[in-house]
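Two complexes come next, and they have one chain in common, chain A, joined by chain B in the first and chain C in the second.
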Partner chain A sequence: MATTPGLERTETSAPTPRSHHARLNRQQAGAGWLFVLPMVVVLGIFLFLPVVMAAWVSVADWTGRGAPWGSNVSFVGGTNYAQVLGGQGLAGRDFGTSIRNNLYYVILVVPLQTALSLTLAFLVNKRALKGKGFYRTAFYFPSVTSSVAITVLWLFLFSASGAINAFLGLFAITGPNWFQDPRGIIHLILGGGDGPAALQQPVLFGISTWEWLAGPSVAMCAFILMAIFTTSGTFMLLFLAALQAIGEETEEAAMVDGANAWQRFRYVTLPMLRPTVFTVLTLGTIGTWQVFDQIYTGTRGGPAKTTLTPAYLSYDAAFVSQDWGRGAAIAFVLFGIIVIFTIIQRLVLGTGGIDRTTRRELRSARLIAQASIQAKGGGDVQA
Partner chain B sequence: MPRITRAAAISLAAATLLTVTACSGGFSSESPTPITSESANKNPVTVLIGSSGDAETTSVKTAVAAWSAKSGIPAEVKVASDLTQQATQGFAGGKPDDLLYVSTDQFAGWAKNGSLEAYGDQLPNKSDFYPGLVSAFSYDGKFYCAPKDFSTLALVINTDMWSDAGLTDADVPTTWDQLEAVAKKLTKGKRVGLAFSPEIARVGVFMAQAGGGLLSADGKAQANAQPNVDALTYVQKLLKEGVAAFSSDLGAGWGGEAFGKKQAAMVIEGNWITGAMTSTYPSVKYTVAELPAGTQKGTLQFTNCWGIAADADNKAGALSLVEFLTTTEQQLTFAKDFGVMPSVKSAAEQYKTDNPTMVPFINGAEYAQNLPSMPGAADVLKDFNSQLTGLKSKDPKTILDSTQTNLQAIAG
Partner chain C sequence: MSRPDTARHAGERHGVGHASVYIVLTALALVYIFPFLIQVANSFKTDEEATNAGLALWSANWTTAAYKTLFANSDFGLWTMNSLIVTVLVTTGRVFFVSLAGYSLARLRFPGRQGVYLMLVAVMSVPGVVLLIPKFLVIKSLGIYDSYPGMILPLLVDAAGVFIMKNFFESIPVAVEEAARIDGAGTFRTFWSIVLPMSRPALMTIIILSFQGSWNELNHFIVSTQSPALTTLTKGVASLASGQLSAGNQFPIKLAAAALMTIPVAIIFFVFQKRIMNASGGAVKE
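This part shows the complex of A and B:
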């Protein structure tokens, strides 16, 4: 009983600040929700809802007339996915072909654009370079140009009698008819032909080993060059921001330790750039798997379906063939592919091994760079 | 306490979902009933067209305005930049345009999902349309929509090159052997005798001439039938000899471009080429001849129809507008304004008188084939086209066998 007054005292005195604090918290939380409400509603209607709808369409038999949740639309389970992934018939083989094409596109574009943008960033970051601002703008310029405009430019440059072939002609090389040439470059290196009979059986998604080994077609190579040309400027900016965050002292310290230029790059700068490399590779992979506008404006999948990509195939299946379930299913499979690739990259690269301060600095540098990309409009990194 | 706000957020999201659902509206699947006069109303009729240019837009707008003045129903013509996509959005949203151009590629898909009204049998002049066009727009035994106009393919010849090679009017080829012979004579340097784009919509004429075609008379898949193999073998022979080439291999977007740029002395093209020649290549002199025959005469025809949306606001109005737009007189006006061929037989004689150079095109209507157009056919044709690109080095039978497999899956 002696302790009771004490307890009572704590109960009467302490609750006042606590409840005050709680009320404040509640008010702040309420205000917070109020402030984010417009964005939550916008994202909900224009992002979350369409994704849910597309997910439903991918497992339904919606034909494109009326709303997808109408009474005459029914659940068909994995039929659409089976059609896409089963490798049977035209639908399955088209998907296999599109994956093959896009895989070569990713494998070639991502490392090349990363290497090129890193090189450009190094060059532009050099203190000795005069007219830095000019080069920075020049390298970044392709990234701010609309991809449709660049595609049209590319169609002219790479036409049978275009500037590229005229240039090659100076060296007595007869250039290919780029955007009309469906031959895969690995097939070309191997000397063409139909390949050994042993490789003709379908192995995955209805595509034979020989077809998987075709390599990107000549037409796709023109797109690969274009992607490298247009995106390296954006990624150069990311690397540039990271390089500037590293600071001179680190470089000087390495010089004092007697490291030569290559050693300074390989053992000091590159490890410190690792988070940015991860960002660039991830953005690059996502962008290259989603390649659509170049194909839509340029070739529509031709020649001989060698520039068909899953993103374009999804559009084509839905809007042109009125096969909405299949189109939505392809979109979700593509989403899965991108997630898997990103996870693999994360596992392979890791982001450990850097002390916390550097990482924070790099992160802020990266944020600045990303903000500048978004300011450019739409955050369309893969022009 | 954040829990409460979270709950509020979730219920808000749910409310949004419901609102969006409600907004998009329900739609009822009506059983096909004829458009009756009771459904007549004064709602404005919207017309969605994919125009080839100003000439077509102006001409259609003038015709629709004339009907509007006569009927007292307001009407509006919208020119689509991507017709398929805009029409698809309309059908999906339940608020389509009342009347729209429908291509044979899209027709079956939209007929199958119930987006289009089957009104063909209600047309007073339905027996006047060419039977081949009526069958192109019939699905499940029902005549859906009125053919707007049509085009056929013929042989377009550069007259200067023709006379330079010492050829006369008497040498216009009527058989495959003659075609090969004149193509050989007309091939000179980088210029080939004959060019066409690598697609079934051009190469298919040879199949028709050989007595084949992708579908048999009763609609069964017969892609790898012997006449088709013969046709592709013949085309392959011309390509290998270098007397014929695909327009894409010449660096041209289509046959007309190769012809206008004088990369080819003859092309297989449709009547739309005459517009391009007048506007883009006015200096090139040409003449048009019917295509040579293999074992029989053969060509391909292409057409669009006036589709009435099943969910249209004013079906009766749209039907009355179609009747107006497909009359003999109105079709002859369209023919004059933007170079299409009337889809009704009654306009043929007048059309021939007005356009003597176009006679070979309209004569083709007698023996022209349609390309397959059942749901899924567009994909099969696209796949076939993608293989045709490599015809020069591929076995024709292999190409046709794989097309047969694809075609059987949709046609039986």
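This part shows the complex of A and C:
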């Protein structure tokens, strides 16, 4: 017999082609489930189930003792949410303050990190550049270190007599005591003081117009610089992947057509980078709304609550004040804010679902950027 | 300007040859590197010197006092041990589970596959910080609060990792696997001895990300543990930062701790630099 062992086996174990096929299908279905089972179990228990439980806690009066679904815990409706969103009392004002702080953080960090990482990517993408590897390494290194280690370093650099102020001193500038300084920078520009009486009334979440307009505090500015410093490398890699996917041929073609450097950037490269810009803006927004590790390590919300963020406030309400319902409610409100911001971005930039059309390498680069921001511990960036 | 015309033209075309690009890049690189140099330099200074002359990279009186205090008067050794245990177990588990799931979603046809995929997408859209309280609730009710299982199990699978592997498997030709299957290899054997060996680049990406992720993880350990015996480096150094060791600002000790905890991720980074810097990280078969 000249049959190969493989064929022989097929013949003996499968009397007809059809039943052989069915058996393979069954086997595959079994294996398919077996293979995804660990993932389904882990994600189900530690991601899906928790969300359901927290949803219950956010509408209940659980105090942290016993099980959250015990008989002594009762449904309180929207009380916790009202407490957070109503702007009344300390709980309401703290939430309002945390939203203001984080809003300025998002507004400043997201555009600056996007612009800087795009610039860095352009600079290190040149084919003829010498020492490319060195520059990329230098820019990316802060992205692999933990947010705890970076925060420790930042507390030192920005201390009253620290390196930053010593550096400013070289130019005869007296730097502030960064992490102890609660003054808002817009207030500082306006000359400080209490502001006009007309702006003193609480308008939203128990915060007055004047307080909303404070701007990020000097302390928050130090965190803003830190975020830009530690994320620009990751996003630089994402832009580099996109630039490499575009290739230099496109740009050369435009050059032949007589376009100058600015025109080539504005009308050829930038439009092709649009999906990546969208990705970076989205990942940036989601990440910057989740500032936690830095605050926990560095300031615990101080000075004068000007670095309080919703993520930290949620933790503090639950784990420190044992006000679990309020903590869970803040977490869900934060979730809502992130969803709303993502949708607004999608509407404004009008590029929803763009990743389906981009190349596989870009999709992978995006996933890796996402995972590596998560891996830094700078708040999970999942989108 | 004695260079031939063609050379000058080439220089212009790529925007280099201009010293300005190098000046800008070098200045920027300095800004990125200098903080780390300051960190290391100041960890070898005395308290007063670090406080008063933080910008200086040089000191006349080097001292290793900070490192000695760190090991003698804090649980730094224990923290390192805990971080190591968690990181090794999480990384090992994650590589296995994530590639299994990725393979299943990329290649195998089974009922409910679409549902699993949708669950994965849904799970990825939940911001991690929102899960702090919920995770604590589940860990507590499962009775694994303040234990290694509570620290490790929830980190064993990461949705982004599953997608990275799924993407990779979809990029390799299916023919080899079909040949193996015709030869009678079972699904797991095909996966284990045919597909996985072909997937080294993507697996390396997962290993790097998992190692970095679990080594740098902070908030999960805050909500899953409380006993000092289970404190990891991130949690321990964060407590140092808020100044719990003794009086004074203790900058050298804190900087020493931060520098030491950066070493493992720095080593991984420099060893696998090429792979990391290739932005798609080998996650797609070229």
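Everything that follows uses one rule, which is that the second predicted complex is superposed on the first by the 320 of 383 C-alpha atoms of A that agree within 3 Å, B and C clash if a C-alpha of one lies under 4 Å from a C-alpha of the other, contacts with A are read in each partner's own complex, and residues count from 1 in each chain.
What we mean here is this: a residue touches a chain if its C-beta (ideal position, glycine included) is under 8 Å from a C-beta of that chain, and two chains touch if they have at least 3 such contacts.
Model, not experiment: these values are computed from the prediction.
Chemist: If you stack the two complexes on chain A, which partner ends up touching A:Gln263: first (chain B), second (chain C), both, or neither?
Modeler: Touch status of A:Gln263: no partner.
Chemist: Output check: A:Ala304 vs chain B and chain C. Expected answer is one of first, second, both, neither. What do you get?
Modeler: first
Chemist: Touching A:Gly89 in the superposition: chain B (first), chain C (second), both, neither?
Modeler: first
Chemist: Quick check on the superposed pair: does A:Asn25 touch chain B, chain C, both, or neither? Answer first, second, both or neither.
Modeler: So A:Asn25 meets both chain B and chain C here.
Chemist: What's your read, chain B or chain C touching more residues of chain A?
Modeler: So, of the two partners, C touches more residues of chain A.
Chemist: Based on the superposed arrangement, let me know which partner A:Thr63 touches: chain B (first), chain C (second), both, or neither?
Modeler: first
Chemist: Looking at the overlay, what does A:Val40 touch: chain B (first), chain C (second), both, or neither?
Modeler: both
Chemist: Applying the document's definition of touch, where does A:Ile338 land relative to chain B and chain C: first, second, both, or neither?
Modeler: second
Chemist: Between chain B (first) and chain C (second), which does A:Pro182 come into contact with in this model arrangement: first, second, both, or neither?
Modeler: It touches chain B, and chain C stays clear.
Chemist: If you stack the two complexes on chain A, which partner ends up touching A:Ser321: first (chain B), second (chain C), both, or neither?
Modeler: A:Ser321 contacts chain B only, not chain C.
Chemist: Taking the contacts chain A makes with chain B in one complex and with chain C in the other, which residues are shared?
Modeler: The overlap between the chain B and chain C interfaces on chain A comprises residues 25, 29-30, 33, 40, 44-45, 48-49, 67-68, 159, 161, 319.
Chemist: Spell out the residues on chain C that touch chain A in their complex, using ranges where they run on.
Modeler: Contact set of chain C toward chain A: 10-11, 13-17, 21, 24-25, 28-29, 32-33, 35-36, 38-39, 42, 50-55, 97-98, 100-101, 103-105, 108-113, 116, 119-120, 123-139, 141-142, 153-154, 156-164, 167-168, 170-171, 181-184, 186-188, 191, 205, 209-210, 212-213, 215-219, 222-223, 233-234, 237-238, 240-242, 249, 251, 254-255, 257-259, 261-262, 265-266, 268-269, 273, 276-277, 279-281, 283-284.
Chemist: For a test of understanding, state which residues of chain A touch chain B in their complex under the given definition.
Modeler: 22, 25-26, 29-30, 33, 40-41, 44-45, 48-49, 63-72, 89-91, 94, 159-161, 177, 180, 182, 301-305, 319-322
Chemist: Which bits of chain A are touching chain C when the two form their complex?
Modeler: On the chain A side, the touching residues are 6, 9-10, 24-25, 27-33, 35-36, 38-40, 42-51, 53-54, 57, 67-68, 120, 123-124, 126-129, 133-142, 144-153, 155-157, 159, 161-163, 166-167, 229, 233, 237-238, 240-241, 244, 252, 255, 261, 286, 289-290, 292-293, 296-298, 300, 311, 314-315, 318-319, 324, 327-328, 331-332, 334-335, 338, 360-365, 367-372, 374-377, 379-383.
Chemist: For a test of understanding, state which residues of chain B touch chain A in their complex under the given definition.
Modeler: Listed in rising order, the residues of chain B that touch chain A are 1-2, 5, 8-9, 12-13, 16-17, 20-21, 24-27, 29, 84-85, 88, 91-92, 94, 105-106, 109-110, 112-115, 248-251, 310-311, 375-376, 378-380, 382-383, 385-387, 389-390, 406, 409.
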